[in-house]
Each structure stands twice: as C-alpha cells, then as structure tokens.
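What follows is a set of structures to go through.
Here come two complexes built around subunit A, the first alongside subunit B, the second alongside subunit C.
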Partner chain A sequence: MNFLSLFARNLRRGPYTEAFPFGPAKTPEHLRARITFDPKQCEGCRLCEKVCPAGAIRFTRTPGGMTFDCWHATCVFCGTCEFYCPTKAVKQSNDWHLAHAQGEKYAQVEHGLIPNQICVECGAKALDTAPAVSHIKPPLSAEEVTELRARCPKCRNKYLRSRKTS
Partner chain B sequence: MTFINRLKDFAVKSPWLYRINGGSCNGCDVELATTACIPRYDVERLGCQYCGSPRHADIVLITGPLTRRVLDAARRVYDEIPDPKVTVAVGVCPISGGIFRESYAVCAPIDQYFPVDVNVPGCPPRPPAIIEGVAKAIAIWRQRL
Partner chain C sequence: MSADPQISKVSTIPVGPLHVALEEPMYFRIDVDGENVTGVDINAGHVHRGVEYLTMKRTMTQNVVLTERICSLCSNSHPETFVMAAENIAGITIPERAAFLRVIAAEVKRVASHLFNVAILAHLTGYEMLFMHVMQIREIAQDLKETVFGNRMDLAAMCIGGVRYNLDAEMTAYMLGALDKLEPEVQAIIKTYKTNSSILRRTRGVGVIAKDEAISVGAVGPVARAAGIDYDVRVVAPYAAYNKLTVPVPTLKDGDVWSRAMIRLYEVANSIQMLRDCLKLLPGGAINLGERPDIPAGRAVAKCEAPRGELIYYLKTNGEEIPERVKWRVPSFMNWDALHFMFKGSKIADIAIIVNSIDPCVSCTER
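Presenting the complex of A and B:
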C-alpha cells in the first residue's frame, strides 16, 4: 500500500529533478545573490565599502563624480552592505547566474556613477547624492527633498538650519 | 574527419569530474556533493560523474583559496590529469581569494598557478550555478577535443 501510494504520488508530481540547464530554473524569491546598485538613491556615505568583509565594494573619486564598483568574484553574498545601507541603494537581487569564462573575470562588476552637480545656491561643484533625510523631524516633503538635493553639503546644512528656525 | 567529429560528439557526452580541495572551508565541497548526489540537482544528467583518480578526469573542479601548504600537492595532482582538461574554479576563494584575500597563508587567485577556464562565483555557489559552470566547461571541452 505504501509503495502504491508513493508510486501514484510520483506519477502525479512528475520528476523531482530541477529542469535547469535544460529548462527554466527555480529561484527562491529572497535568495541572496548578485548585488545591485542604484546611484540615484546613494547617499555617498561609503558605509558599504567599510563593512564589506571581502572588500568587494570600492568607491573611487573620478573627475566625473564618484564611482561604485562591486566585484562579484569577491562578493560573498553576506548582505551586510544591504543591511547597513541607509537608503537601500545597495540591494541584493536573486540573480545567481554568475558562472563565466575566465576571459570575463574582471568584467563581473556592478558599476555605478554618482555624478557631480553644480550647487544652485553657491555654484560649487559637489556630488549629486541623495540627502540624508530619515532622521530629520518634521519629515521633509518631496519638494523640499528635491530642493535639498540640488545643493552642496554646506548649503544643505544651511537650508536645514533655516528650516528649523523658520 | 566526420568520423572523428562523431567520436568527439560521443566523448563529450560523458566528461568525468575530479575535485581538488585547495584548502577549502568545505562549503563548496558540500555544494559539489549536493550537485551530484541529491536528485533535485543531479549533475549526472549532463553525463558527468565524479571519479576517484585524477588520471580518469576530464573536468577538474578546484575549490578553496589554495593554501600554501596544499599548493605543491595540488600542482602534482593537477599535472596527473591528462590533457585536454578543463579547469573550473568553484567559489569566490579560488577566483579572487574571497574573504581570505591578501592573506600570507593562501595563494589565491589560483589563475597564477593553474590555467582556469570557467569561474563559478558564490560563497558557496548554488548547485544550479555549479551545473551552469559545468555546462560551460563541457562546451569548452568540446572545442579542445
């Protein structure tokens, strides 16, 4: 009886083996795999670079701004960068298709550029980072955030101080 | 010529795998065992089989950051594998060193010592990722035959 029920169940369910690589692969939704980076949301605090245990993340100042690079061949998928990122600009996707030929080894990089901008108030050149607004009370409105974003760090502080007094 | 090509197509259906543990933490080795042993993944669908002797191997899977102590032994075992062979680096340690990078005790990355063909990053890589890497290695092996 036990055998027959097993037999019937196996007939109903089909093969247990995953079809990959001959068919689509099953991927858990919350699998921790390839790091993704959104330069629009990045605050430029470089906390992810500091906490990365494998040293996979590196920020570099370039004439065009600040670049973010995460080398997937060193990343250990620990998720510490995502945990510490205040704006969730660094995220872990569930894309695990990372196997590559040796020639592409150094091209396995997640690259992002935080560009420079000209401050609308003082005209200084500064990075176009997302302003750190999570701790500010009362919370900023969307227009205020865009106004704040267009400024350099010094003018952002000035803007926030004036907002507090007014 | 066509006969030789047909023979090559026949041979490419059953590449044998050989594992070299270059001082690995055993995470990748467990995943390699999972890839072959449990029916959910089953690398033997690709005709692959783990063999006990390096002399029978076609595809060699290297795990671990290649510690200094194991370097000499790994090189000797690697030289015993007959050509043409395809080398697959499994896990981030052999590819770049991973968290052991820049340590005095490891010789990572291993492409300083072995001609690596396919890299499978991950710490450890998922069994489907290893199967993907092995499938790429088989394609390279077909060109080498």
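Presenting the complex of A and C:
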C-alpha cells in the first residue's frame, strides 16, 4: 500500500467522520433504536413483557385499563419484543436521539394505555385490546374484527364459536 | 555496574491490570532479567460479572440476548452456540435459509473482529497511520452490520429455531456492494502486512509458540493455525450451512505474532468470499420456526468457530423455561496459557504485542 496515494485519496475525500451534531448523521432504515408502542394494535398478551431480557417493559392494570411502559434507559435495543409481538404493536424505530438532561431521566418512557370498554353484548367492563385473529380460519373480514373487538373476552369466544357453527 | 549480592538479579514488574494491549483488564506479574522476560504469572478475574449465574435466572429467550452481551467482538458466536445447544436438546432442525443467514452473520462478525485485532497490532507497533487506515476499512463492515442488522456490534440475529433477520434484494445488493468495496482494501492491507518493514521488524520471530507447545496448551483458533495446527470447527464439525460451503483453513508454520496476524487477514479475505458464496446460494423459505419452541429436559454441548477459536457451550435444562446450568468455554481461556510459551525469551517492549496477538477477549473469559 502506497501511503502517499492513500494520503492523497484521503485529502481529496475529506473527513470520514460525520459532522453531527452540526450536520446530519446517516441513519440506516433498519437501525434498532427507540421502542414505539401502538395501543390500538396491542392484543394484551404481554409476551413482550415476558421476553424482554432487560425487564424494561411493564404492563400495569389501572382503573382506566392497562398501561404499557417501556423504559428507554433500561432497554437494550435487542428487538426481542418486536420479534415476538404477534401484531407488531411494539416496534423498534430507527430514532436513536435518546440523549436527555439529567432532570428528564424518569420521563424517558414510552407510555401507552389500552383503555377499558363496555362489552356490546353483555355490558361487562373489559380491555379494548385487538382481537387475536391471525390463527383463525377462515380469516375474519374487517367488519367481523370490529364486531369482535367491541366484545369482552368471554363474548369474543362465544362469537367465534357461533361463527364456526353457522 | 558491579553485581550487588543484596539485589536479586531477577526483578518482578506488574503489567496491567489496565491497558496491556486493549483496554481490557489482564494482570501479569512478569519476572525480568534486564530486558528479558524470564517468567510470567497471569492473574484473572478482574471483570467477573457473574453472567453464568445470570443465565440461570433468565428464560431461554432472554438468555439469547444476555449471551450476546457477554462480549462485543464475538457477540454473534455466543448466542449462536447457545441456540445450537438448545436446538440439540429439542431436536430442532433449522430451515435451510436460516442456516445460511447464520453463516452470513457469523462471517460478517469475523471480518470486523479480525480487522480490529490487526489494526491494534499496527497501533502497538507505533504505526498509527496504518492503524487508522485499517480501522477505516473496518468501518465498511461496521456500516454493513448497522445497515443490515441494525446495530454496529450486537446483531440480534439469532433465535431458537432460526434467525431473526431476513435479507431482501435491496439488502443483498447493498451487501455485495460493500464486499466489493472491502475486498481490494483487504488485499492491499494483506500486502502491507507482508512487506512493510516496520511491521515485520516488530512481529517476525516475536512471541513464538511451537506446534507441540500449542497442542500441549490446547491453543485454538488463529493462534493454533499460525503454529501449524490445521483445526477449524467449521471444517471438523460443520454447523449451520458450513457443510455446503468451501471453508479454506489457512495455516502457517512459524507461530509468531506476524503469522497470527496474517492468519487473521487471510481469514478476512476467505470470509468475504464465503459471504459472496452464501449470498449466491441463499435458498428461499422460512427464516425460523415461527413459535417459541419448548425446550424439553436434557443436556447438550454445542461448539462453533468464534473469531478467536473454538467456543463450546454446555446447556442443561429441566423442562422449565429457565435453564438449569449454562457453561461455556471460550477460546481466549485456552490461548491464555499459550502466553507462557510466547513470553519465554521475549523483551519487555514486546509484551503488549504478544498479548494482543492472541486477541484476548477478557470479558468472555471472565464473564
């Protein structure tokens, strides 16, 4: 390797380092960074909480429903939650801007609420989770999913049983 | 100076525990006679974190991630071997595509790991420009990891029953482009390490270990291959898709620091070729079994060729989600003992170069 030619090459090319924070930093699309949560898509199976190796994810039952919390400071960005999430309600975005002031450290949380709803059939209070439909055959239509979603777990089972027999 | 009977001829100096070669804690008590090393005592355990104990407190799925974080440079080999052990117990055969994707992840890590070690060698010989250049070339592999896997070090590629990442046409094209960029640069680096007089003067005939000595301490990986031992787990006990690929095993006879660096560089070139073969042969189909497979009670041993050599995992399960025992034997543990032979007759100034030449991974070894 001729280091003079290498020197000339590097001189022509300029610095290899990125100018961040004074310029943009190249971020690949598949970068595994900040966790995002969509409560509308969550089935409430709590698998992400179970598989999370860092214990960063916690579900809590509250009077308003069930809350999801992912502590970014505890998260190790392994992506296991996204991989096992049946509906991809938990996703890993490529947003790596996680630097924050010391005072904000307890606010570095992805928070979501799966609210309670009143079952349209029996009137019981139940979580408004996305129904687990991926394994059901024949697949449900969009209207059927909406109808199923409006019910409590018991009535959902009843709905699916009656669908099978009809 | 006349010999003073009050002063011992041999004095003992401490090397480490910080900043021996890499910024990893290894502690050596070295007996020196003038500038020559006469004896060495290696003291380990400075970064013991109890990871083996932690694996017995976490589920199998969580352990795949935990084992990935034992070490950064072989962060793919640990979960790979762990899931292989789990799959052995459950009798799982992974899909063919997953086997090839496992090879791709492993070889990309090998390229980055070996280039890092070779760069540090240039740094220790005081050749900073070459160090910077090799690290810059390694950055191509780092960018590849970040773009394809989403992280520069922890690929998160493994899961029990297959892999977690997939390659589409765009990613395959990107990888081939990156390999095309990497290959001529690696060939140029090989030529430099072969011919540059600064490198040769500091590394030829330094830290020599003979073949029979290497066998007696059970040296593995590039350390063994540089001493003439033709041993590579990818060839003697093929796992993943290595039985469908040509795996060249370069060996050299001298067993000195230079030979070990050259073995690593040859392996980088071979890995690039194997990555190309993999991308060409990559079959379609599933990348994993989809579910989280149940691991029944049982015991299994799995091994793979980590960048530093043979990595062995022992796994004992009792049918529950949490393993009963996980134990691993890392390549650096075997190669540490080889240092006793390498230090024999060397100079104090060569200590750092010799330590670096076994590519010690202290965080794996002391976990």
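Everything below uses one rule, namely that the second predicted complex is superposed on the first by the 151 of 166 C-alpha atoms of A that agree within 3 Å, B and C clash if a C-alpha of one lies under 4 Å from a C-alpha of the other, contacts with A are read in each partner's own complex, and residues count from 1 in each chain.
Following the convention adopted for this analysis, a residue touches a chain if its C-beta (ideal position, glycine included) is under 8 Å from a C-beta of that chain, and two chains touch if they have at least 3 such contacts.
Owing to the predicted nature of the structure, the values given are computational and were not obtained by experimental measurement.
*Asks:* So, on subunit A, is it clash or fit between subunit B and subunit C?
*Replies:* fit
*Asks:* After the superposition on A, what does A:W71 contact: first (subunit B), second (subunit C), both or neither?
*Replies:* first
*Asks:* Check whether A:T129 is in contact with subunit B, with subunit C, with both or with neither, and answer first, second, both or neither.
*Replies:* Neither partner.
*Asks:* With both complexes overlaid on chain A, does A:Y16 touch subunit B (first), subunit C (second), both or neither?
*Replies:* It touches subunit B and subunit C both.
*Asks:* Quick one: is A:F83 in contact with subunit B, with subunit C, with both, or with neither? Answer first, second, both or neither.
*Replies:* In the superposition, A:F83 contacts subunit C only.
*Asks:* Give one of first, second, both or neither to describe whether A:A101 is in contact with subunit B, with subunit C, with both, or with none.
*Replies:* first
*Asks:* Examine A:V51 and indicate which partner it touches, taking first as subunit B and second as subunit C; both and neither are also allowed.
*Replies:* The second partner, subunit C, only.
*Asks:* Which partner, subunit B or subunit C, is in contact with more residues of subunit A?
*Replies:* The larger set of subunit A residues in touch belongs to B.
*Asks:* Which partner chains sit in contact with A:R32 here, subunit B, subunit C, both or neither? Use first/second/both/neither.
*Replies:* Once the two structures are laid over each other on A, A:R32 reaches subunit C alone.
*Asks:* Please work out whether A:F3 is in contact with subunit B alone, subunit C alone, both, or neither, and reply first, second, both or neither.
*Replies:* second
*Asks:* So after the superposition, what angle do subunit B and subunit C open up at subunit A's Cα centre, nearest 10 degrees?
*Replies:* Reported to the nearest 10, the angle reads 50 degrees.
*Asks:* In the superposed model, how near does subunit B get to subunit C, counting Cα atoms only, in Å?
*Replies:* It is 5 Å, taken between the nearest C-alpha atoms.
*Asks:* Which subunit A residues are contacted by subunit C in one complex and by subunit B in the other?
*Replies:* On subunit A, the overlap between the subunit B and subunit C contacts is residues 16, 31, 53-54, 76-78.
*Asks:* Flag every residue of subunit A that touches subunit B in the complex, lowest number first.
*Replies:* 16-18, 20-22, 25, 31, 33, 53-55, 71-78, 96-102, 105, 108
*Asks:* Inside the complex, what are the residues of subunit C that reach subunit A?
*Replies:* So the residues of subunit C touching subunit A come out as 58-59, 61-66, 68-69, 129, 133, 136, 139, 146-151, 154, 156, 159, 164, 188-189, 191-192, 292.
*Asks:* Over in the complex, which subunit A residues touch subunit C? Could you list them?
*Replies:* 1, 3, 6, 16, 28-32, 50-54, 76-80, 83-84, 92, 94
*Asks:* Write out the stretch or stretches of subunit B touching subunit A in their complex.
*Replies:* Residues 39-42, 45-46, 92, 95-99, 101, 111, 116-123, 125-126, 128-133, 135-136, 140 of subunit B touch subunit A in their complex.
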